[in-house]
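See structure below.
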């Protein structure tokens, strides 16, 4: 009973949040003073034909509410408009970009989570030991370093050893087998994924450590000790399992850091993903791309948050039953 | 748990003492002090920047990407400008932007948290819904979009960061205010007919003060971080010297391919130090206020055995 | 040696001290020179105000102190002293010899594991039962405490307070311990449920030959359940004896105040109504710890610490027991002699 309530609530929240994001997106670009479309002179590439196309595309002759409904209807059909910069549908541009972003970000994030959990747990169970101090301070340092700084440092350190920009070697003619293509891609991915993992791991370590410490202070851990269980068994069967709950919540909330990390890293390593697309859109005042990019990223984050909610649901019997 | 008597009837002063005791306890802690010293050093540096900066940041004083030397401790950038001066001058604006954005965020977050926790009911429901939505939407992306629409300027950076960084403060504060509200003396003050404003200022704020301080300091860290990110994406005032724009220029003007690490490291490390200072200090306060971290039922060490040989029970 | 072990009591606590390290290098002397013995089937109550060291004493008997603690003295099970082995020395005895029902059973269960899983866990860890045998034993234990066996697959939050308390008792019995420590097992329960739980504990001691140490601040609970009682004040045992002896002839003014504060033995009146407050255990106590609150205090109480000594036969214990002059250290066949640590009590006897 309560379990299904929870699911309904979280689903509704996800749907409404998407709606809120769409609405923010709409108003940000059309209604705010100094909004984008009415200020077409700021678009460097604007020709008279483009201006006309824009007026039609944005329905500027209609009232704000009509425009809003029009916008919702277009979104329903998956129409995000046409990019100013390359005259391609925004949707096609974003699909390509997202396809490039996901593998790199996924690998970096997973590595950061795995390392974060390992070091966080180690720190907590060895609280106040040298290992804890070293691991915690290192985590704070990596939490503190700006992403772009870490990226540039890795670029300088590995200059010549690893590819520094893009996803593939443009001069790799001749051997174009799938295997060598994949190897090339992997080589290009090392630095961006490593930078992402480094910027994220510190925060994860700190999150997991404090979740674990809080769990180790709970009364049922004393019960477990009283039962004559070994330290290992207590950590494995009680502490880890329970600390997963706050960890899932907090990693869900740190999705924002993943996104900002990914954007900066794509810019630094010229990775042709959604972050680069957003950056290019800012530089070229390509508002349809900017708007579309914002929407895609936000909806992705909302969906991932919903996944975190589902994981929580699976992990906590207090909700399930 | 079972000390119900002392929990219900605590005199007002003692509770406040207890909370501020957490701060006093923090000041005895080494990590918190390290954080505070780092922060204080950077604040002093920002205040006295014009006096400390050895060269003018608008005038070239050495060659392109000159490495660190006796005359230029941290080397020079692509325009032959002294890095140490850039970092000192940039620190001033970065810190101002970080502090100002935090002020905006704390005003919103503090207001929302106080109102939500204090008034409860539909005010709470509405405010927390809004907070939840803001919490999910990725900050930097929205910041990028807003700054792109508004155009790059320092005041826009301050506002954009400020209006997006308040959510966690609102959440944390609301929970604390809610529990303070339940305390006896707040109820007593209410029954004596004190106004809401008076109760909030006299009874609630002193209680949540330490937590608010901790959150403020932690928010400064994020604000400084976000400033550099926005600057790096070209969304800050490109003519202003901040740690963010210094790093951005270095990247734009091929410091990486030139291997001129000294054009990147000083600003990057400064940002990292400020964030570390904030984190160490703010987190220490938060940890001291968290009763759940005080107890450890499982620690790597066992308890110790003490022998009483030669000591009678009275000698103990 | 074997003869020694055969005559040794089931549980013997002697000269027990516990100190907690406080921030700022100070130290809190929570338990001071506590001595207790428990035999099979015996039910002893440990009473005292909040902060008097009852829980700490019970936890120390299981070696469950935090790493900030230091302990001294002897905790021996069937003559074997476990203290020198520290944390690890106690481990194999936990739950198999000594089990505990914790203060606030609400939080004693892990919220994300089923109750049955948590009851079976120590059996598997100690190898007393595995697989289907463990399952069968869980069912048997739950029925023993009056919970339907099917509830084993449910989670702690699905249980009511009383049920959780029963489940905690069932869990404590999992490995057939000889000694059961019950820390305020009925606090926070309503009177009906409280009586049921106490009946259950009494019945289990009779049926299984368990030795019970019942920690509480409620003399009514002790009177209902125990044969013997030890009264703790500021980390020390200040009076000890059979419950009826203490009830009729309490020697220590603190014990008397406790009884006075419990008008109805079966009520749930708290003890907290004695004026004044106990001393700060982080400072060394000179003289009698109860002196500032004691109506009978006189000169020696200021600087001489009273020690636990037998009460004279004429004032308290039934005729035929040992005379006053007998030294405390001599092994006694009568475990429930009446002892008190009070200058006023002994001076009253002297006159």
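Read from first to last, the chains carry the letters A, B and C; within each, the first residue is number 1.
By definition in this document, a contact is a pair of C-beta atoms (placed from the backbone, for glycine too) under 8 Å apart; a residue touches a chain by one contact, two chains touch by 3 or more.
As the structure is a computational prediction, the values presented were derived from the model and not from experiment.
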Chain contact topology (line, ring, star, complete or other): complete
Taking each chain's C-alpha mean as its centre, the one farthest from chain B: C
Innermost chain by mean C-alpha position: B
Two chains sharing the most contacts, counting C-beta pairs only: A-B
Chain A and chain C: spacing of chain centres that average the CA atoms, whole Å: 55
Inter-centroid spacing, chain B versus chain A (mean Cα positions, whole Å): 23
Centre-to-centre distance between chain C and chain B (centres being mean Cα positions), rounded to whole Å: 48
For chain B, residues contacting two or more additional chains: 295-297, 299-300
Junction residues of chain A, two or more chains touched: 218-219, 222, 225
Two or more partner chains touched - positions in chain C: 104
List of chain C residues in touch with chain A within their complex: 62, 64, 91-96, 99-100, 102, 104, 107-114, 121-122, 125-126, 154-155, 157-158
For the chain A and chain C complex, residues of the former touching the latter: 218-220, 222-230, 233, 237-238, 241-242, 245, 315-318, 321
Residue ranges of chain C touching chain B (in the complex, touch as defined): 15, 17, 19, 23-24, 29, 32-33, 50-51, 63, 65-73, 83-84, 86-88, 103-104, 184, 187, 217, 270, 272, 284, 305, 307
Partner chain C, residues of chain B touching it in the complex: 1-3, 5, 25, 28, 295-297, 299-308, 313-314, 316
Chain B contact footprint on chain A (complex, rising order): 13, 16-17, 20-21, 24-25, 28-29, 32, 34-36, 42, 125-129, 140-141, 143-149, 152-153, 155-156, 159, 164, 210, 213-214, 216-219, 221-222, 225, 231, 234-235, 239, 253, 255-256, 259-260, 263-264, 267-268, 278-279, 281-283, 285, 290-291, 293-294, 297-298, 301-302, 305
